[in-house]
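Can you read through this structure? Questions will come right after.
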Amino acid sequence: MKKFVNDPKDFVAEMLQGLALANPDTLVYVPECNLIHRADAPRADRVSVIQGSGSGHEPAHVLTVGPGMLTAACPGDVFAAPPVDYVIETIRRLASPRGVLLLVNNYTGDRMAFEMAQELAEAEGIEVRTLFVDDDVAVQDSLYTVGRRGVAGNFFVMKAVGAAAEAGASLDELVRIGEKVNAATRTMGVALTACTPPAKGTPLFELGDDEIEFGVGIHGEPGRERRVIASADELVGDLVAAVATDLAVTAGDRFALMINGLGGTPISELYLAYGIAHRLLTNRGAAIARSYVGEYCTSLDMAGLSVTIVRLDHEITELLAAPAEIAVRVF
Amino acid sequence: MKKFVNDPKDFVAEMLQGLALANPDTLVYVPECNLIHRADAPRADRVSVIQGSGSGHEPAHVLTVGPGMLTAACPGDVFAAPPVDYVIETIRRLASPRGVLLLVNNYTGDRMAFEMAQELAEAEGIEVRTLFVDDDVAVQDSLYTVGRRGVAGNFFVMKAVGAAAEAGASLDELVRIGEKVNAATRTMGVALTACTPPAKGTPLFELGDDEIEFGVGIHGEPGRERRVIASADELVGDLVAAVATDLAVTAGDRFALMINGLGGTPISELYLAYGIAHRLLTNRGAAIARSYVGEYCTSLDMAGLSVTIVRLDHEITELLAAPAEIAVRVF
Amino acid sequence: MSSAAVATTRFTLAAIGATVVENETYFGELDAVVGDGDFGFSLARGFERVLEDLPGYPDESSAALLQAAAMTISSRIGGTSGPIWGTAFLRAATTAKGADNLDPARVVAMLRAAIAGIMTRGKAEVGDKTLLDALVPATDALEVAVAAGESDSQVLLDGFAAALRQAAEKTSELQAMRGRASYSGVRSIGSPDAGAVALAVIAERLAEQWSARPAE
Amino acid sequence: MSSAAVATTRFTLAAIGATVVENETYFGELDAVVGDGDFGFSLARGFERVLEDLPGYPDESSAALLQAAAMTISSRIGGTSGPIWGTAFLRAATTAKGADNLDPARVVAMLRAAIAGIMTRGKAEVGDKTLLDALVPATDALEVAVAAGESDSQVLLDGFAAALRQAAEKTSELQAMRGRASYSGVRSIGSPDAGAVALAVIAERLAEQWSARPAE
């Protein structure tokens, strides 16, 4: 394994320390429960919006804490939902009279931790609602009773809910908005390489020199299908077809389009892919009103990308366009 | 090779098409000369700031075009300076009565193309000045008569000069600022893997499972020294020592600190490295006043990072803090 | 309560903890086949804390010891395993309450309670390819042996471990319906469930060391 | 001007172009050893355009042909090679001006002009491990042969190619002082310079095909 890492057990803690040191004025780091929260939170006049999940998906979610997005993020170890205790402690610290909204990607471990924590927090008198994100069309077979996964599309739920929360929306209103955005969002991804969790030290799965995983998740879990590498036109074409079919894209609709890098894909390739996806969607008569290209929800060092589309209406467009100040400083 | 690419010959053109499609209102793409420029440029009341270099370093420089940063970027093919003709055509299109400033990383090919173009443009009556960036302390031996390379530190020159240009500074003033920032900036990098240019299809050099290249450049050219992988503390420690010694960091000084990912390094590892570098510098009595963590100047899919420090004074701090609107949209 | 019984529970917890810590890499590799590879890391981080805190756990009863372990597990283990294993230990602790000695019948009752807890928590059933597919048939076998009058704990434990191993291997034939492995669909068939194999490994190690338990 | 001479120049440009395009991968690999691997790609993108445009280049003289090629090279080739090769072709073209036939002495003069142009442009000297370390000694050898009265163009070309090859191989012993390879310091010793080897390959291919040139 070649990584910038000391003892793998300290990987997440050392990353969070670095994040806190890089953002001393805006972020607070609470090591006891892996918590990163806005320095000005909780606020009595704002719902606290908290997202938890395993680590290894950066910038999701610790880097998307800030005005207009998350109030706090509560990560677990790499690819592991946080322990229940961390979640409860996070909720207690961020409790607001206006309530707490939990954003959770739909995975067994995450669901259990957040549901248990919600129960306990409610018993303590804190008003809590939970919103599950499940945008991944790779998981569509009804056989898979756990349902769809939450992947890069969670960005749009975070962004919309975060903007509304910043504007003072109520907990009920935020749940309505989040559910609406989630229902309008579809994602599908492909991996060119497997990722290597620091604690494992070797790639999560073996891929041949010309093999790729189609419909891959963000935890390095294998996808639905192993394929042979093809041209960018073909790979992106298949991803676009999958999301466009599932969301029933029709001429005249307006969309946000995201190309999300999975961690090891150069920015150049992401923009090349963006061009292909943009043309394919506009060829179907869709209009692309907002574009997102970069890393939003990654899988450590995995090379690959996902395509996300969001059907826009006036409300969603406004919320996505609202300002936000997050801990990813680019300039 | 597993990449999102169609015909490798079209790699740069297709990337730029994607970039233009993703930023229809703000950027103009001129395919004939690989040019990306602000939609509102040139302006008669502003110096045009243009940076050229090979492609493969994204977001440098095509993604840093926008108010407060570059007026235009003029990339060549992957790792190849643009042909002279492209540079001349770019200068002609962006010519302003206030002048044109060329930012060039100090490499033979880039120097030649931009010097030839400057000569020709001046013959056509356009006022042009050129600023060479050379922040890489890996190249320090006086034997290397070509001098230091320009690497990730070019971000700070672009940012400071871009902010001043936006505020209406004169060409002379911009040259003074750019030279000052360049003189205050030092970078050193390490690669854990080699990168694979799309047209080559195989990694630029072979590295063993536990080997790394220390003092690597941003073109996949091998570094000064091959080493065995070590802990993050050790690797980052050596990089910090190199830049801090070269810039003679002393207690009481204020710095900007950047951890720049080379393309294939996960964000988590960059923040982990940031924490180490921050602590090491503050242990020396330095104050870190501005922090930058992410991808600023990459080498395609290379895993690795560089550490940059900039000694700050009041003027540089203000220019770095000034607003900028570039084509990297994170939210 | 007999301090000998408490010592045996302490011994058992220490043996489980040691086995989990020793097998961190192996358990992670099992989870990596069609899952996300964190199972070994998650369990190890929790049980190394159990080993660390064990000397300070309350000594008044087996139930108190188990409950303390359940708390450590819940607070330190993330992922699916934290809630699942934490619930299992907590339910077992509750069922152990009031018992002077954890005789075989009581152990069966504790396992039944743990199973019920896991099912409620994870909404999984037998056949979904989880650790339940080892734990349920092995508990059935244990119950049969106890009902048949077997009372030698070494014999019972050996039988339990063998049943776990056999059932764990059989999970290879199943398609995962729960957890991350389920996203791979039919590709999950052909390799055993990580959680099921982990239980077999733990019981086997415990059975090997059982003769070294404190005298009762 | 003799149209036969122009046809020979055309033939030579076509041969150079074809060799560069065929060797794109090989030239890139040479540059990858201690450089950045783009040399083959850069040259090929330029010379494939030369091949494409060659039929439309002006036919009045060898100088005009070479100048047109120099323009294509300058406008299409990036990196260090664009200015270096563009300047070389431009200087050669200028030196060819007014000549009816490109006799051996003239070719030597053209090569000298190209060398001077490369040196001015790249600020490199002999010994810096660039294509100059093949081109200069090979031109010296050619000049000696011409001065000794050799006039068979095949013999001269064979000798020129052999001298390029020998000098190119010898660049392995040098440490790079110019270009990207120089950043590797002493590690650049042990492999030949990409530009130097490329010149040898081009001359060898041209020598092989020389008997197929248009009749003069």
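In order of appearance the chains are A, B, C and D, and numbering begins at 1 in each one.
Quick note on the criterion: a contact is a pair of C-beta atoms (placed from the backbone, for glycine too) under 8 Å apart; a residue touches a chain by one contact, two chains touch by 3 or more.
Keep in mind that what you see is a predicted model, and the values were worked out from it rather than measured.
Undergrad: How many links in the shortest chain of touching chains run from chain C to chain D?
TA: Contact-graph shortest path, chain C to chain D, evaluates to 3.
Undergrad: Report back the single chain whose CA centre is most distant from the CA centre of chain B.
TA: The most remote chain is C.
Undergrad: Determine the centre-to-centre distance between chain A and chain C, using the mean Cα coordinates as centres, and give it in whole Å.
TA: 33
Undergrad: Just curious, how far off is chain B from chain A if you go by their C-alpha centres, in Å?
TA: Chain centroid spacing, chain A to chain B, equals 29 Å.
Undergrad: What's the distance between the Cα centroids of chain A and chain D, rounded to whole Å?
TA: Chain centroid spacing, chain A to chain D, equals 54 Å.
Undergrad: If each chain is a dot and touching chains are joined, what shape do you get: line, ring, star, complete or other?
TA: Line.
Undergrad: Using the contact rule from the top, write out all pairs of chains that touch.
TA: According to the stated criterion, the contacting chain pairs are A-B, A-C, B-D.
Undergrad: Which residues, counting only chain A, touch chain C once they are in their complex?
TA: 9, 54, 76-86, 107-109, 112-113, 116, 138-139, 141, 143-146, 149, 197, 199-200, 204-205, 217, 219-224
Undergrad: Applying the document's contact rule, which stretches of chain C touch chain A when the two form their complex?
TA: 25, 28-29, 32-38, 41-42, 45, 74-84, 86, 121-122, 175, 177-185, 187
Undergrad: Please give the residue numbers of chain A that touch chain B in the complex, ascending.
TA: Against chain B, the touching part of chain A is residues 2-6, 11-12, 14-19, 21-23, 55-56, 58-59, 63-64, 68-69, 159, 192-193, 209-210, 212, 229, 231-233, 235-236, 263-276, 278-279, 288, 291-295, 298, 300-301, 303, 305, 324, 326, 328-331.
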